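Below you'll find a set of structures to go through.
Here come two complexes built around subunit A, the first alongside subunit B, the second alongside subunit C.
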Partner chain A sequence: MAITSIKNLKEFSTNNERLEGAHLLCPGCAHSMIVRELLNCTDDNLVIATNTGCLEVSTAVYPYTSWDTSWIHIGFENAATAAAGAEAMYKARKRKGTLKDPDAPVKFVAFGGDGSTYDIGFQWISGAIERGHDFTYICLDNENYANTGGQRSSSTPVGAHTSTAQAGRVSYGKKQKKKDIVAIMAAHGAPYVAQLAPNKWKIMAKGFQKALETEGPCFINTVSACTTEWKFNPKDTINIIDLATDSLMFPIYEIINGRELNILYRPKTVVPVEEYLAAQGRYKHLFKPENRHVIDAIQKDINEKWEYLQRREEAKV
Partner chain B sequence: MKGVLATDRRGMRELGAEEMVGWDEVTQGVVLPSFDQAIGNAAFLKPEERPYSDFSSYTATVASWRVIRPVYNRDICIDCQNCWVWCPDASIISRDKQMLGIDYDHCKGCGVCVEVCPTNPKSLLMFAETETIEEALAKWPEKKKKEK
Partner chain C sequence: MAEKMELNEIEVWDGNQAAAQALRQAQVDVVAAYPITPSTPIVEGYGAFVANGYIDGEFVMVESEHAAMSGCVGAAAAGGRVATATSSQGFMLMIEVLYQASGMRLPIVLNVVNRAIASPLNVRGDHGDMYAGRDSGWIQLDAFNAQEAYDMNLCAFKISEDINVRLPVMVHQDGFTTSHTAQNVRPLSDDEAYAFIGDYKPVDEMLDFSKAVTYGAQTEEDWHFEHKAKQHRALMDSYVVIDRVFEEFEKKTGRKYRRLESYMMDDAEVAIVALGATVETCILAAKELREQEGLKAGVVAPRSIRPFPFNEIREVLANVKAVAALDHSVSMGAMGMLYNEIAGAMLSAQERPLLTNFIYGLGGRDFAVDEAKRIFREQKGHADVGYITTEIQQFSGLRGPKLGFYEMKRS
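Right after this comes the complex of A and B.
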């Protein structure tokens, strides 16, 4: 496979864009930052499946497409299914000798939001991974159903205000914990599973390249800050993601073959989660005195998770 | 230095300005070709070498979304490409490791590029859409002293 140079940004920037402007994602949306990076980290032909969600509706506004790769739009729960189907067909035709250019390198990629990944497409992703299709699934995790107005998903963290888990006099927002999708996907024994973030562009590009190069099903959860539903100024997307990774709210790590865990980024100074929360409107209510305990609980959870990740890395099990 | 802009090559259309048809008249199972001819893998062609079709959003503009826009000052830029990697709208034009300018047909004025620009003073700053590039460049701030 032809991976592109990610030695430094200058070299990375010599790649030719395969996602075009005048898509309709909000100004400052992280979805397209992540997608551009995936597209730029390989020169291979790509077959990309994207299910309904902000990315899909904004990059395929009839009669326009923003994609310069083969791209399939499919229903909400089926990005993995479509990518797996295309991959299976490609393999079969290669075997039968009916491909026009059987030696052209092709990679299969699926993009889904957290609503589709953690909730609605969950069993189909599980199925595609279990069947062992050679594809990479990338979840654009903005922790809510953004495209339909910001409903809670099983990825929404404790304490966040969403349109269906509202903060008010009797509630502090979502009460249930965020689902640990990385652990679940790793438990399938998938050869490569990771959680990555676009502010650490090089780590993310390396992870994407690893996933594309790995034979078999790979799963990557990416942190996609959503200016509209997280409620912050569009110029601050990367600043917010910096706070997310440096507070360890989103630890950056990979799990190989469901076992070997490697932490890919250790912040020099760990930022208290309070700073991350305070930078977003969706957590504003947590700073009322009666909700202080929620912030403490979030911090405690982060500390415990970080401790767990480090121990697992050390133990090499 | 002027960048390679989509408007240099074709008449741009405001996105959404095309004639609309009812939902029941839209063809089902549509295929939208991005290019007028088969070009193989787009990764090997620079945008200015591609035969974009009218279906590609490259030929449309979202310029009217902006009220402020980034202005680029070549004199200070170190070509680090931070702005290029984080622009959500593929609107930083870089060729051969050099930043050439901003694609104002596709830039939405989010301001991310200004935030991530590391020079002092910044090589990108936001100005009102109504200000000309010359006016903006004339107002460029001096280097800021480090606070002790």
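Right after this comes the complex of A and C.
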């Protein structure tokens, strides 16, 4: 168990360089912050699998790679299964004594965007979690298919404009609610499931460490603000995520063994969701008078969800 | 340590059991699989061997065939021996990942127990799945009976893992006809079989952390073409290793295999080219015709479907007068795959036969010796008059009115 200190951000951010700075992610993209937090929170050897998406196309364009660790990409939907296959091979080879360094600890991690997690790769993740592979799946949730130019996913929230759920003269954008992926993954009985955000970096790093140290399949949904498709200034990424966590649009919590729910961050002052929405171009149309009801509905949903999470936490069931 | 199994000199196995035993003797590290008729007993067999201590491997029962091949890719990149099995719809679901496995040059052995493709749904044998995967970049070997299903599996690991090949290999056998028909099989002992295949030698493995490896990178117009060309070259050149492995196998067992099998072709005037268990039917027909009617009939059968034995086809058919290519699948809207590939090979030959195409046995429709004899006699008819007297593509064994396409115009 080789775990790095997470007291000082400057130290923490430079303790391991396993994702090189030379990559093609947009300026202001939160993906690399989240990935680097994962890579830096452990000294263990890492096998990383990545679904097709922004992270994959930006970090492994031949003849270059940004990854200074074992890394594999197969397709849009199957990173969880690639990690599971590698983990199975690790177990077999460890038993047979054919590993080069049999005593070095190895962790298996899969990354996917919300397109590959909530939608096209949903079944592959569900299967890998049910089978109990010792790995951690991390969703980089930017609430749209950003890699293909901003189409809706089942993670896109109500009222957001995307190229396939457009806001227009008679439409306020996406009509359907965001899928509750955390509840679904917790319902698998996975030993550790959480929703985390990179602005609360210590909470996130500790959550990642907990997942890596937990034996069995763990799932973490992370908030990854998308400067290009959410439409905000690249310098404001962390400010936008602050608004996301402080408006409780993205509550930060963990669920242990499918039951025990712990809220990991309580904003001192809860920000009205209107402020979070107003900071992003994708919600601009909601501020027309005829769409006011959508903002009210979003706020109502947030309040109800927060109430539910608190009751679950108190009930300890 | 896995326990060894005492085998009889002659075992009575069906094709599935034969393949499962080969997987056991190869001591496959990881099988990621999803069951589908008629291939299921292969992975069930592996699972039973694991459960009883005869294999020290990991049996990962995933939630779909797409995941099965995805798990195999992850496992292979982690540096060990990997195999699985599938059929039909399962194969179709796997296809995306088949291309990714070969593109990453990962050794994996896939047993394809051939079965028809829906719709309409059908569990019986034809080559619809085999044909759907023909461009997937895998070496593809064809077993015509249970013994060969065993033998080809042993050879497949050795070919796939060879440092000069490093490509995944499919071993095809016919659903039910081969997979579920008990036959005499002469196995090697566990020690002999394992010694023939050898230990797995990891190359660029993800579990060696002294050197970071990136699998499955992106290439656009600047490099993609070079990658695919190199992959094609590796597959085209793999015949050298296939031939060498077949030679070593012959030394060990006395059983001789060639990338293009030919039977009674030395003096053949007419021939059938076929794949799968049908080859044995055609051999029986040719023997009977030679004995009873003095018809010089012969049979040609690609053992290696990929790489396709282009030169060998050209040589063996050069002096034959009329040839029928039997396709156990219909390539909708075109001539059969086997017909087209043979036509392609023969077009560059100085001498070439009259070539016709038969689509037969779709969805498991029986193809018997009498029908093979009829086709041979029909070829003799073409040979005698020097032109094709029927449509170029015909359907064999189809109920209702005769179906055929393309009459040869004579000037």
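The rule we apply is simple: the second predicted complex is superposed on the first by the 313 of 317 C-alpha atoms of A that agree within 3 Å, B and C clash if a C-alpha of one lies under 4 Å from a C-alpha of the other, contacts with A are read in each partner's own complex, and residues count from 1 in each chain.
The definition used in the following text is that contacts are C-beta pairs under 8 Å (C-beta built on N, C-alpha and C of every residue); 3 or more make two chains touch, one makes a residue touch a chain.
Predicted, not measured: the structure shown is a model, and the values here were computed from it.
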Task = In the superposition on subunit A, see if there is space for subunit B and subunit C together, and answer fit or clash.
result = clash
Task = Give one of first, second, both or neither to describe whether A:N15 is in contact with subunit B, with subunit C, with both, or with none.
result = first
Inquiry  = A:D296 in the overlay: touching subunit B, subunit C, both, or neither? Say first, second, both or neither.
reply    = neither
Task = Could you look at A:A82 and tell me whether it touches subunit B, subunit C, both or neither (first, second, both, neither)?
result = second
Inquiry  = For A:P198, using the defined touch cut-off, is the partner it touches subunit B, subunit C, both, or neither? Pick first, second, both or neither.
reply    = first
Query = Between subunit B (first) and subunit C (second), which, if any, makes contact with A:E275: first, second, both or neither?
reply = neither
Message = According to the stated criteria, A:I72 is in contact with first (subunit B), second (subunit C), both, or neither; which is it?
response = second
Inquiry  = Going by the contact rule set out at the top, does A:P63 touch subunit B (first), subunit C (second), both, or neither?
reply    = both
Request  = Please work out whether A:M33 is in contact with subunit B alone, subunit C alone, both, or neither, and reply first, second, both or neither.
outcome  = first
Ask   = Now for A:K96: first (subunit B), second (subunit C), both, or neither, which partner does it touch?
value = second
Message = After overlaying the two complexes on chain A, where does the subunit B footprint on subunit A coincide with the subunit C footprint?
response = 45, 60-63, 65, 67-69, 104
Message = Please output the residues of subunit C touching subunit A within their complex, sorted ascending.
response = 29-30, 32, 56-58, 60-64, 66-67, 70-80, 82, 96-97, 100, 200, 202, 206-210, 212-220, 223, 227
Inquiry  = Which stretch or stretches of subunit A touch subunit C in the complex?
reply    = 45, 47, 49, 56-57, 60-63, 65, 67-75, 77-78, 81-93, 95-96, 98-101, 104, 106, 123-124, 126-127, 130-131
Task = Using the touch rule from the top, collect the residues of subunit B that touch subunit A in their complex.
result = 6, 15, 18, 26, 30, 32, 34-35, 41-47, 50, 54-58, 60-62, 65, 79-82, 84-91, 94-97, 103, 105-112, 114-116, 126
Inquiry  = Can you tell me which positions in subunit A touch subunit B when the two form their complex?
reply    = 9-25, 27-33, 36-37, 42-45, 59-69, 104, 198, 201, 233-239
